[in-house]
Amino acid sequence: MSLSVAVAGASGYAGGELLRLLSSHPEFEVTTVTAFQNAGQPLVTLQPHLRSLAHLQLQPTDAATLAGHDVVFLALPHGKSGEVTAALSAGTVVIDCGADHRLESEADWAEFYGGEYFGAWTYGLPELLTQTGTQRDALRGATRIAVPGCNVTAITLALAPGIHSGVIFGDDLVSVLAVGPSGAGRVPKTELLGSELMGSANAYQVGGVHRHNPEIRQNLQMAGGVDVSISFTPVLVPMSRGILATSTAKLVPGTTESQVREAWETAYAAEPFVHVLPAGQFPRTADTLGANTALIGLAVDEAAGRVVVISAIDNLVKGTAGAAIQSANIALGFAETTGLSVDGVAP
Amino acid sequence: MSLSVAVAGASGYAGGELLRLLSSHPEFEVTTVTAFQNAGQPLVTLQPHLRSLAHLQLQPTDAATLAGHDVVFLALPHGKSGEVTAALSAGTVVIDCGADHRLESEADWAEFYGGEYFGAWTYGLPELLTQTGTQRDALRGATRIAVPGCNVTAITLALAPGIHSGVIFGDDLVSVLAVGPSGAGRVPKTELLGSELMGSANAYQVGGVHRHNPEIRQNLQMAGGVDVSISFTPVLVPMSRGILATSTAKLVPGTTESQVREAWETAYAAEPFVHVLPAGQFPRTADTLGANTALIGLAVDEAAGRVVVISAIDNLVKGTAGAAIQSANIALGFAETTGLSVDGVAP
Amino acid sequence: MSLSVAVAGASGYAGGELLRLLSSHPEFEVTTVTAFQNAGQPLVTLQPHLRSLAHLQLQPTDAATLAGHDVVFLALPHGKSGEVTAALSAGTVVIDCGADHRLESEADWAEFYGGEYFGAWTYGLPELLTQTGTQRDALRGATRIAVPGCNVTAITLALAPGIHSGVIFGDDLVSVLAVGPSGAGRVPKTELLGSELMGSANAYQVGGVHRHNPEIRQNLQMAGGVDVSISFTPVLVPMSRGILATSTAKLVPGTTESQVREAWETAYAAEPFVHVLPAGQFPRTADTLGANTALIGLAVDEAAGRVVVISAIDNLVKGTAGAAIQSANIALGFAETTGLSVDGVAP
Amino acid sequence: MSLSVAVAGASGYAGGELLRLLSSHPEFEVTTVTAFQNAGQPLVTLQPHLRSLAHLQLQPTDAATLAGHDVVFLALPHGKSGEVTAALSAGTVVIDCGADHRLESEADWAEFYGGEYFGAWTYGLPELLTQTGTQRDALRGATRIAVPGCNVTAITLALAPGIHSGVIFGDDLVSVLAVGPSGAGRVPKTELLGSELMGSANAYQVGGVHRHNPEIRQNLQMAGGVDVSISFTPVLVPMSRGILATSTAKLVPGTTESQVREAWETAYAAEPFVHVLPAGQFPRTADTLGANTALIGLAVDEAAGRVVVISAIDNLVKGTAGAAIQSANIALGFAETTGLSVDGVAP
């Protein structure tokens, strides 16, 4: 028998992607979808691609509507999750795709987000290397899960194996990400108009001010880093979805290229969703479209003394909704890959 | 009276852009256009956007056809310029948009290109800071000019002021570029098909193997760098044209943000084509489309100890054809801005 | 127990999409993939998005390799299917995504394709209205199936209900299609380069010369049309996938808007993959991305005396690979929707 | 000495394009730029591509600010032009890029726009064929000029020669346009977000309800049509700019292909901005990017009994700002092509 599921924030991009994936998940049945402004409308009016859920009507996003489900997925603007989840029963599995419960440091929260701090939940990046294994150990049986930020996932998966294994230094990392605008949400802002974005690339949140900075440091420290420092710049490029992260780190002197490659291949050998490409091959974001896959390519630049790691994900899947469902699968004891595809929709 | 001009390689993207700009240049008259494979066809069949040059017919690319002009622009695959220019008279001004004459080090040529080395020509980046001023001093009266690579221009303009002024270190530079595929030329390769590129981003020439590496080092050393080292990664993104370079360098300890800003603003204060944006503003490539403009945004990331410089150019204009014409203007004693626009075509 | 499946032409776009869909189909197991030029390589080198099929190696496309499977899907250039399938056993279910077996008229074949005529197979458009029901009746038990052309599917589904019901005339149809370039195949042609296509739209095969013309007429005549005449123009637009067809037909005088709407709603009321949108709503191709769905919007233009029908499909799914699998499901007695999604990947 | 120019609505897309073109026009000097919401800001903050106008500050859009200039260009939402222009002196040349003064029929205005009707001005499509010549005759000396709608220009230029010469019928025209979203203005609407538009195509204003309908009929009747009837559907496609119109009309029986071709070639033989391509060639919108050019390709579909005309323009140039300047040039007695390029920015 399926578990009953509610999705809050169902009219946005993250909510829509959760629903697309949940609609074909054999263990879940979406019974409730909610929205702030569009309550009362058919879901399919707002999300015309979700034909299989044409029977659902948007309801208001409040604690009463969300109560009584086995699982609740939240795809809300930051600051909203705390309000609606406080009233949910402790036994309900709650998966938050927003930022409210990601940071373990209240000081970081205050500096980068501000407002009331609701505390960290179990972090939903199963492949994250930890001192004792991977983060999936912590996710088993969890009932409150915080899904990572999409840029954070792309960078963490790219760099954690090198830091964990000690082949790179964590104190002067540089990551530049080509990202699609769907990560910025379904918000009518002039700078996100198609006319502004098509045929153009532009950086934003430059110079260490992006809110994903402390979360990246938190992850890489968990992977074994000391004194993690990163310069991280996202660049909007003209594709709806996708993140291509180019991350570089200083190579520990004396390390060979095969030691580098071994670090990543060992870390992800058993991972169903993280694939290290052969030497000389580098990923395209299109190869991950709609899939919960992260593809990783590696090169050592001897002249520069740096390792360069290219990682590709779909920001709405492995970067958000897919990670949420993967974490829920682990928390609830289902096979981790249930309802998730590894094959991208390309070209 | 106009100078007579020939453009070799007129059926490609760089050749087409040279012709678009030359067609409205008051001092030049294009009398000859050549191509390897399409000789005999009307230019406008291959370049249907060049309506003002509908009277021109493509001729073969050989020394005889190119002889007898006041100015010859070359937009040929690397290795081809040497062959056709050896026979041109010394008084003819020859501007090579290819790589053949960019590198001053024969060892670099051998490592990154190979084949016969034809020697360096006067380097066509007028704004390049040198020990005694700018590179435009060397361009006055020059008759053999090598136009920089497009990625090189984006990175050099971004980083040279900081190295020249001593506010950043040159020994651990990192640049990641979002680039449009027109820089790869009009070559029918599967990986450059629209179906492969649209909706996707992918890195290539990763790990220090890109041919633009030695040229970047050459420039930044000229700007005052010692021990210049750079990790440089180009990322193909879905726009025909444009380069958005995100370049970072370690900040010299003790340097203030206003000292950083002053270094760039001083360097480009008098430049007609390089504009430093106010604090908090960062460029979009669309704002440079079709223009000979380089736009630069700056930020200091104190936590990471790095300066982050975002530079935007049109790879076919400031990155190639515009730089060629700007250099020709200087060489021939015309006003440097003749025939070149600073206003991009946006949105 | 799964049926064994071979896919010929596995390195192209149609072949790749067949494999993406087949890899999650519970009744099929892909055991053989073939290619002309890339035989010997791992499938995933050519199709890096197909991570679940990383164990497969490309084999040569010939009759011997394709023999011995329960089902063979062909995604070959036209003219190639006849050669390789002649040797397959009569009991093998063969689904041809190419054009070789679509046309029932040898004269049409000679005029639009030329070369040897191999005869028509059972036509793989289950929703096509016929005099006695739908084309799915003919597909049950079929062992030789010809999948329609992608443009043909978009236009046929748009217009057949109106012709079948008699509310529109078939003698002056006009269809203009915005199409992505993946329909043109993975062929390195200059005019299909990303640089040429991005930021631009252009028509091709203008004036009744496109090979899909006779197939459209064949379908609409089957739906009940007499004297079907159509002006059909495809327009390449900058998206990898998708077809948005705008089709218009003269309204039979005296017909009301509700009669028009009823014709389409009745025709598709029971169809799992064809959805008629409410009045005032019109489809986007993105809503069908990766899905086997056709979305249809309708309007009556009283001033012009024409019905306007907007239909959206993914050219590689409902337009090719999805239709192939849907037809195979019917032929083999599986539930028609097995292994096919109705939900698009959007945004 | 230059004429002083004001541009109202300078923060939008049409206003920006007017300024880009005016900035290099030798007879005009832009002294005033106005905006409703952004008054007080530097122009270049809103239009960062207009580096040559970095000295201008946005002022409020009101009659007092606009008074005292030789020429005033209006790029305002419809309904706003009447208010601000009533107070301008009769001698000022006023060019309205909006819809307020396009329609000669008050009934059409009431049906498609509504609100106060301000009356028609001299129509700014110089190439429009009339009973006595072209519309440029009417523009000489005009002081109040209404610039056509962008879709209207694409369709009118495509069809007028055929109607004027009598080789096609005007009573069952069909036009479908692939259009970029910049024509919809710089308005933050969810349906115009990059995430919604990229990778997708969708029709809007389907079924004869688009406001450009009566204007198209008005033009084609002026060109000689009786009983003009048109079904016109715009389709948004993922490119910032450009219109590719596919227009078809019934061929008058007995007309030969060469008579058809002659009708268009004769009509545009002397036109500097409208070019008829040779048989078998069809335009791409990219070939008109940034240029005031309209490219036209022609085919006769004998089987369908229809002429198919493909026309390409840049909606912001020949479709708006370029037409405005071309009309102003004529009105003021300057050479018609002053300040306007025929060469597109491609690829």
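Just so it is clear, A, B, C and D label the chains in written order, and each chain counts residues from 1 on its own.
Following the convention adopted for this analysis, a contact is a pair of C-beta atoms (placed from the backbone, for glycine too) under 8 Å apart; a residue touches a chain by one contact, two chains touch by 3 or more.
Please read all numbers here as calculations on a predicted model, not as lab measurements.
Participant: Determine which of the two chain pairs, B-C or C-D, is joined by the larger number of C-beta pairs in contact.
Facilitator: C-D
Participant: Quick one: point me to the chain whose Cα centre is farthest from that of chain A.
Facilitator: Here the answer is chain D, farthest from chain A.
Participant: What's the distance between the Cα centroids of chain C and chain D, rounded to whole Å?
Facilitator: Here the centre of chain D sits 37 Å away from the centre of chain C.
Participant: Taking the mean of the CA coordinates per chain, how far is chain B from chain C in Å?
Facilitator: 45
Participant: Could you tell me which residues belong to chain C and also touch two or more other chains?
Facilitator: Residues 13, 182, 186, 195-196, 198-199, 238-241, 283-284, 286-287, 289, 346-347.
Participant: Applying the document's contact rule, which stretches of chain D touch chain B when the two form their complex?
Facilitator: Within the complex, chain D touches chain B at residues 13, 16, 20, 23-24, 45, 47-53, 182, 186, 198-199, 240-241, 275, 277, 281, 283-284, 286-291, 293, 295, 341-347.
Participant: Going by the contact rule at the top, pick out the chain C residues touching chain D in the complex.
Facilitator: 172, 174, 176, 178, 195-196, 198-204, 206-208, 213, 229-231, 233, 235, 237-242, 244, 246, 248, 250, 282-287, 289, 297, 299-306, 308, 310, 312, 346-347
Participant: Show me the residue ranges of chain A that touch chain D in the complex, using the header's touch definition.
Facilitator: Chain A reaches chain D through residues 13, 180-182, 184, 186, 188-190, 192-199, 238-240.
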